[in-house]
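Pasting the structures in now, so scroll down.
Two complexes are shown next, each including subunit A; its partner changes from subunit B in the first to subunit C in the second.
Right after this comes the complex of A and B.
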């Protein structure tokens, strides 16, 4: 058992860190914002946590928190232009933001150490801490979904004119979603830095962004279990298919396509709505 | 008594004059009708009153509240509620959830409490659901509470939409073609509900195509054609006005 755990501990850690980024993406999609800025906000959190410790001399866990705060602040700043755009325009504008952050990581050599990335970050984040934080995060996201925020996000996402007619300020609530998503992305960026010794300027690039998006799309955009299942599947699957060598990516792509075609709401949401329909049908029959 | 007042309201869409110099009043506790042929500018006018569309000229007041330059979500905060011409519910949410959405302005628990799932949020959720159930009882729709709103019949969806609008506790309710696609029995029931709401003191602005429904229900009627008011008065006055007959009723005065 112990042997098994030790073999797969890196996979578990990777999965737990990914879950954070998945939720950061999930919460903005939840409020009807098609933003992929999480990658840039994670880079801001990761770099500031690492550099404030290495160059600024602040204690590590303080800098991780500062990274989270910075992620949130940048999230709110981004909300100002992005909440005024819609759909694909939001996606492109947020992608541009990610590009800006990435090029600063690469070219602002004096601060970010350029193409070599940041080395010599102490490893302080271990599995128990990640497990604890994931449990906390799932609880918080569950609250978001259950109480007034989730209700309002859902209204804004489904129909903005209706939201307005009920007195809901779209911009206000999308800004809140950006702030929550930014804090999560910044926090997990910092955790990543203090987990893997090293930060690479390309680490939070396009691949990262697509992964965060796939976790949510594959798992489900509405329920809290959605991102959990999406992350689990996409982190475990490549491990299981290790022996297929170079065909791994191919299989990954095929599975993603099959799920999206046959379960457009994602695995968890499709199952939940199916089981709800079944329950309602049996209730009606009983009546 | 609250009154909605429009003074010389106009709307241009890039040179197209959709609404021109419209002045009208919707008093509380009365049913005011707004009729006119397709494309007359009725829905444009409603969208301006609910602040969804900006106004090119004129002023809109609800009592002392100036709504002329208000933001889209401020209309509801001043007490204006509406339903939509093409029903707009959250189709995947349940009937109960749809109505609870309408209580947005009654939500006072803090964002922290919603994030942390504190007791005040839990209590608020229970309280709003109980209020929604009371509304459902009033409209005889309690058995539908747990069903998906998108799966209901047309008439029931309309009622859910009206309940959601009422959840905002409005002084003025605008109904954009509420009986379109309903049969006579359903329309009659809706008429009874509308009268009841007016008698409780809500001002009703009824935008409708169904002439018989309008004539039976309204205390006062405005007729809009090509963006301008061409007549106003009691149902009898309006139905006998030759200009209205020519523009809209097409000879039939039923």
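Right after this comes the complex of A and C.
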């Protein structure tokens, strides 16, 4: 058992970190914002956590928190301009934000060390802490989803006109979603920095964004189990197909296509709506 | 000097437009963000290269690239987009399934090319340089500009002056009404995706000739710039995309030439962001980017 755990510890850690980014993406989608800014916010959080510790001399866990706060602030700052756009346009504008963060990161060599990335970050984040945080995060997201905020998000997402007519301010609640998503992205960016010794500017680029988005859409965009399942599938399956080596990317692509074609709402949401339908049908039969 | 840079920008911008046109066509007509377009572009470059390496003349390479790109694009539509239509979740689903398709295409290309950066053999295209008014223009640049112009003209003619073009525009306006009027939507899907892929294929060969570097990841930066171009010109507007491509090419070359090349990306994406906030419908677009949206 111990041996098994030790062998797969890196995968587990990777999965737990990915889960954080998946939730950061999930919250904004939940509120009906098609933003993919998580990658940029994670970069801001990760870099500020690492640099404030290495160059600013602040204690690591303070800088991780500062990174989370910065991520949240940038998230809120993004919410206002993005509220003017809808759907695909939001996605493209937030993609532009990610690219701006990435290229400024490469340009500001004096501060961020440019293309070399940040080295020599102490490793302070271990599996137990990540497990604890993930459990907390899932609980928090579950409460958000179940109570008032989640219902408001659902209304805004399903039909904005109805939400507005009920006195719900779209921009207000989307700003809240951005703040939550930004804090999570910043926090997990910082955790990544203090977990992997090293930060690389390209790490938070287009691929990162695609991964975070696919975790959520593959798993399900409505339920809290969605991102958990999506992350688990996309982290574990490529690991199982490790023997096929160079065909891993191919396998990843095939999984994405097959799942989304057969379960367009995502694995968890399709299952949940299927089981609800079945329950209703059996109730009707009983009557 | 500045005129030389503007000219270079115009030529590169023309090819960027060709690539972005295929992307805009699919978005404008079917409201699908086809993220596998970069993969089709790369496949076109590969096909053109392999055709030339097999000893075929270059023009045949272009034909092979256009046909191959078109068919691949039709295949993507058939495998990745058509099954999603029934579910009504196209907006998110199409993004993920086209990312999946792109990954598949890229990893096959990586396997075939063994991760090498390839180039057309020297003098595939005659190296002739013209000079006039103190400007330097190569024959290749002229050819690229003319090719881009010609293909755009053909596309415009096709869309606005032929029966199938009218059907395509009908589906773009209102797919349901078009079907009621007897338009076969599958036929229209086939045509637009084929055109889009063919344009990408030709653009791939042109870029391969101009930059002399053909590799399995060459589509990614172009896909990202296609976003910028389409937003500049207005999503889905054909003329807008052409002008957007030219503007993009000029901004790109000018900022590389006169500012730091490290800042180019920041400038371009900053511009995109500002553009989206101030004029989300682009320079020529009509559709409402900020309209209230209802999801079923």
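Here is the rule we go by: the second predicted complex is superposed on the first by the 287 of 287 C-alpha atoms of A that agree within 3 Å, B and C clash if a C-alpha of one lies under 4 Å from a C-alpha of the other, contacts with A are read in each partner's own complex, and residues count from 1 in each chain.
Keep this in mind: contacts are C-beta pairs under 8 Å (C-beta built on N, C-alpha and C of every residue); 3 or more make two chains touch, one makes a residue touch a chain.
Every value quoted in this text rests on a predicted model; they were computed, and no experiment measured them.
With subunit A as the common reference, subunit B sits beside subunit C without any clash. Of the two partner chains, subunit B is the only one that A:166 touches; subunit C does not reach it. In the superposition on chain A, A:283 makes contact with subunit B only, not with subunit C.
Of the two partner chains placed by the overlay, subunit B and subunit C both lie in contact with A:158. Between subunit B and subunit C, C contacts the larger number of subunit A residues.
When the two structures are aligned on the shared chain, A:176 is found in touch with subunit B, with no touch to subunit C. Contacts of A:143 after superposition: subunit B is touched, whereas subunit C is not reached. In the superposition on chain A, contact of A:273 is made with subunit B only, not with subunit C.
Of the two partner chains, neither subunit B nor subunit C is touched by A:134. Between subunit B and subunit C, the minimal CA-CA distance in the chain A superposition rounds to 7 Å.
Shared contact residues on subunit A (touching subunit B in one structure, subunit C in the other): 158-159, 161. Of all the residues in subunit B, the ones that touch subunit A in their complex are 50-52, 71-77, 81-82, 84, 88-93, 97, 100-102, 104-105, 107, 109, 111, 113-117, 121-122, 124-125, 143, 146-148, 164-165, 167-168.
Chain contact summary for the complex, subunit C toward subunit A: residues 27, 31, 33, 79-80, 83-84, 87, 89, 91-93, 95-97, 99-104, 106-108, 110-111, 220, 224, 227-228, 231, 235, 260, 262-266, 269-270, 272-273, 276-277, 280, 289-295.
Residues of subunit A touching subunit B in their complex: 139-140, 142-144, 146-149, 151-152, 154-155, 158-159, 161-170, 176, 180, 273, 276-277, 280, 283, 287. Remark: subunit A residues 32, 34, 81, 84-89, 91-93, 95-97, 99-100, 102-104, 106-107, 157-161, 206, 210, 213-214, 217-218, 221, 246-247, 249-250, 252-257, 260-262, 264-265 touch subunit C in the complex.
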